[in-house]
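Pasting the structures in now, so scroll down.
Shared between the two complexes below is chain A, which has chain B as its partner in the first and chain C in the second.
Here is the complex of A and B:
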């Protein structure tokens, strides 16, 4: 079942220099990790050549949950997803995402020392070692920020890379030891959910239960400490202890998740589900629920995908699944998703275009003294300053929205179309009137503004404008302001001036 | 009952003795002595960097004091925090935080609800009432990032009202607020005052300070003057507060800082 060690480090972390700053250190660390990843994948391919496994068989094995290893993997990844998702939400809203990154990388030397302790994989010893290393890492960050002028992000970056480098050194030393059971240490880098044992699951279950209970009980305290810590202190909340508890829980869940997702990517399981959840809701408690759910589902998906191949690492697939959820939320989230927003903008643009056409038709009719009922498309095109073909397209859009009917090259407004046209012209001219009257803007400056405002003035605002303006029959350019006919009123028919059914805005 | 009542009449809502606060060895407040009378609306004014915010933060224990002590209602401040309400500066929190207006106002109740308990319907009723008093009830379900500056300020005020305190500290509650809102806020503060509450309000606009506050604390790293507005708002004292008379003090402060490093 176990797989030969795949990590052979020749020159581990020798170039890590904490003074180089966070960016270059992380770059170096990332390079090392990438190299390790390549090593792992070639190894995996070799084993794959030896043991033929069809992915359909693997999928069936996974979905039937017949194999205990599969059941362990599912349970473990769900527990991991829930606890990381919950605590990650706090990191995201408090803008402390880097802390998760630093903590998860800082645990590596602890993992390696845990292995060296009795030269085999004992979950509890590794848990304790990793926890100690993680807390030492966060303590170093606190010490550096408190005693120097360096800011927290710099301290986090340095500690992250230094501890990670130390961990890689220790692990490569361990690989060269002649004795000891080396199996399983590499799963800590990229995660292997299928290798989770009952001991690992016990730890993960305990941590997840602790996290859920703590957050359910102390939801309101953790919310306040995260939103407004100084107000929490004025309310005499034990802020310092709450902060420490949160950090401890964070360390617990990072460390318990290592086996399944790996040191390198566990921070992504803290951040990505929480970031996805923050796109979906505006309430913190809902964000916690969403984040836990997305974390759990991403964990399951990662376990499933990595199971399809031959002992592929779980962590990358888990993170890819979470990333896919994030992408989906970014595109389709109902409030701020790109796609819904694009649809809204498109429908708004289409409405504005239709309203502009309606307004132009009204103006053509008005120029003709309302003597005709229909408008020739050429006249409309001239008024709109567009090519006749384009005007025809605009008319088709009106016909589609049942605002008009077309007879040959003539356009005839329907009752609703006529009503809409009057409303938009009325909005335009009322707004011009308001700007010249209330804001004392010169009449020749107000047209462009009204062109935009006319489409967004709501019913209530129009009523307000009518109430505020002393007279609403003539706009600043001397043209009459139409009133809006009732929906069932007949469209304007040809007739004389006496037949001005729009009743040019006579006030009651 | 009567003993407690008489104790309250004797003990001032706020007493500060020889309070010194330093940032990185640089003193920002030196030897502040102060006894605030009950039932007064007190303005704290002074130039930028005078330590106005520092003073109220240090009073509530949000900043460490280099020396001195603060008592509220006759007892050391940490024990009296249950009777203290706070309106922090608007910029002190992240307004993109995923909470709505009601959530924030309910936070004012957390001290009374007690640790690890849920807000009751009574707490929600009080929170709604406080929102009503700042005319923000229609916005109760609004996400806080969708509020204007003045609305955010009123949410903070409602949260402080929900604390139902006897002594209030407010850090520039009028920044980013339009004139009409400012007038309604000051009316609200005056109403609190007339119900016997004591309010200390950091304010940076000198002309309005004269009309708004019963008492004024003129502050510039130390207490220049503290008393009823008509006695304290004099050209001489204002000159002392805002003028360049304190150069020596800041020079000494600089020297102390240089020595410490």
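Here is the complex of A and C:
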């Protein structure tokens, strides 16, 4: 069994310019590639029968796009990424990711039979054979789950493995034929973008154009069928036919991608870009765009990396690039990424801790009847029930946030700190009042709840509480509810805060 | 040379059991041992709806095995099992972490984890092709035809057989021991994890033990049938058995029968067509599944159709 032919060993006669496509995306991509190629066509090197290659040379050759095979590979992988990314989004949102896996493994016997037709690599015949096998595979899954007690996962695994095994049998039979080894049919297993011919590209372009046009035209219907099938049925949409159309398009794009990414890993190109896109956005049409873009970029990266060596298959590199994108999105996606979420949680925790310290300082001042302006750290530590060292750390955090200044062992609130302390205490006591008043909860049961909610009550909610409560001067425990002073008011002037109730932000 | 060799009864049915017993008979035996070990585990996987977990783990042991090769430079079973168990554990962890802590659901998480790991394994093998004694063909097809050629293990004066055969027999004996010792725990925690936990069975530990057993079986089958067809050996015997009977003991027995039948018919098929023995045994196994699907007295397609027809006729006559 020969290894997948590397790009440097290919027959130069088989390289032709990419044909002009009708699909707008394909046209755009071709234009971009041609422009880049013209920009640096002076680099065009004669490719001999090199066997030993340095990866730096290979990288330069790829990046200058001088070689037609490189241009084919780029165009093909971009088309593949776009069509697989678009259809994969539907699989991912409908929780059918593993159907893509089964479908893509099931095409192998079709590839082998298509090859058997005239014992050469005719893209169209292989396309038809693979399509038939893929559809037969998904039909068998449906048939097995409908007529037996077996669950879908079992049926998927069984069909996947059986079809794949049959395909391997057929392929091992070809390899005994004199032409079998030269056919390059084994590049279908793990993919070889450098072996893409003009015929393959035409097919991929046609499929990508078909996918894009169908999704643009039927975008509303497909969206509805995917997210709310029963509503779609109520609207008398032909849901079953729409689903079949999606499955057919899926089979089209899987089969057209085979030469570049390989049977074994094409399902990954369906799932990974779409799952990455779902981490980046909440809107389905944006998800489609992201998914197509990630698919295209990882396709290009896979083609590039596999080009660096002589015998490297394209598919695994493509999947690894897509996997890297997924990992990056998992960690750093602005909305859901673990790292931004961790940062948000950390800053929230820090804010809550600061607000609790401010509240404790207010309570110490209140216990002293607002006679002093500063609070000793020991009193704060006692109030917070922590060690003095911890209280000092809390004070340092307040000083860092400009809520307080420290003079020796005394803490002095700044005007903003005083304002924030009043707001927190006011939130706490208003909530206690609201619970006893509106929900008739006993006054000794409301503290814990208020302790949590005081940090998240927004201005609008506080106004609404003020509006609903008959009097807002004294809380259920008999302590005055402070008003929130304007930022320039000094703590000392707020001595009788409870005497004259005022609205949030100084509203009377 | 033609695609399908001319059919000769003697070559296909007699020779494998007489003159070729050392090669074809041995291959059938290896396939049977792999099939029965995997099939027993598969029964539990199917019950636990973890068939695709088996798929995932069978793909993702590849980078583990490749890394073990690279690090130790040998094909020692210890290093391979360690690498494969490590990879299986990593897959399990990745799937759990992705599906629990992000909005990506479990099916997509399985697909992402195992295909990325499998891709990493293929890349390792392709990049370090000169240092790893594995190639893409072996990953897909296994190396069943090579097994009879390996130097046999000798114990004293006794010739035991090629090393993979000895390992598989060891694994099968291990499976017997595990099954006899922990049958009740396995069964109960697969059918009703809540009740099992109430009765004091450590459900989590049983689960991890099953995964470990699966990883070891997958490593052993990897040598025989490659990384992808393992899923067939895991699922087909159990699925066939579940069409034929309701009781777990009977299912285990039926999956043993299925493994034996598909090993033998697969061997004959591969001799007749001169094709990959691993692929042929999977095709044969699928054929036996289809037979059970059609003829099973328990809801098979033909008996059900026959009953419906009889009922209709009786209703019409009465």
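Rule of thumb we're sticking to: the second predicted complex is superposed on the first by the 429 of 508 C-alpha atoms of A that agree within 3 Å, B and C clash if a C-alpha of one lies under 4 Å from a C-alpha of the other, contacts with A are read in each partner's own complex, and residues count from 1 in each chain.
The criterion applied here is as follows: contacts are C-beta pairs under 8 Å (C-beta built on N, C-alpha and C of every residue); 3 or more make two chains touch, one makes a residue touch a chain.
This one's a predicted model, so the numbers in the text were calculated from it and none came from an experiment.
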### Task
After lining both complexes up on chain A, report clash or fit for chain B versus chain C.
fit
### Query
Which holds for A:424: it touches chain B only (first), chain C only (second), both, or neither?
neither
### Query
So, does A:260 touch the first partner chain B, the second partner chain C, both, or neither?
neither
### Message
Touch test for A:278: chain B only (first), chain C only (second), both, or neither?
### Response
both
### Task
Figure out whether A:326 sits in contact with chain B (first) or chain C (second), or with both, or with neither.
second
### Task
Based on the superposed arrangement, let me know which partner A:100 touches: chain B (first), chain C (second), both, or neither?
second
### Query
Touch check for A:113: first (chain B), second (chain C), both, or neither?
neither
### Query
A:217 contacts which: chain B (first), chain C (second), both, neither?
first
### Message
Can you tell me whether chain B or chain C touches more residues on chain A?
### Response
C
### Query
Of the two partner chains, chain B (first) and chain C (second), which one does A:189 touch, if any: first, second, both, or neither?
second
### Query
Just how close are chain B and chain C at their nearest CA atoms in the overlay, in Å?
5
### Query
Do any residues of chain A touch both chain B and chain C, and if so, which are they?
95, 278
### Interface residues, chain A side, partner chain B - complex
93, 95, 217-218, 220-221, 223-224, 226-228, 230-237, 278, 281-284, 287
### Query
Considering the complex alone, what residue numbers of chain B touch chain A?
57, 60-62, 78, 81-82, 84, 86, 88, 92-94, 97-100, 103-104, 107, 110-111, 113, 115-116, 118-119, 143, 159, 163
### Task
Within their complex, state which residues of chain A touch chain C.
1, 3, 92, 95-98, 100-101, 105, 116, 144, 147-151, 153-154, 156-158, 160-162, 164-174, 176-178, 186, 189-190, 264-265, 267-268, 271-272, 274-275, 278-279, 309, 311-313, 315-320, 322-323, 326, 330, 336, 338
### Task
Using the touch definition up top, name the residues of chain C that touch chain A in the complex.
1, 3-4, 46, 49-52, 54-55, 98, 101-105, 107-112, 115-116, 118-120, 122-123, 126-127, 129, 136-137, 140-141, 228-229, 231-232, 234-236, 238-239, 242-243, 270, 273-276, 278-283, 285-286, 289, 293, 299, 301
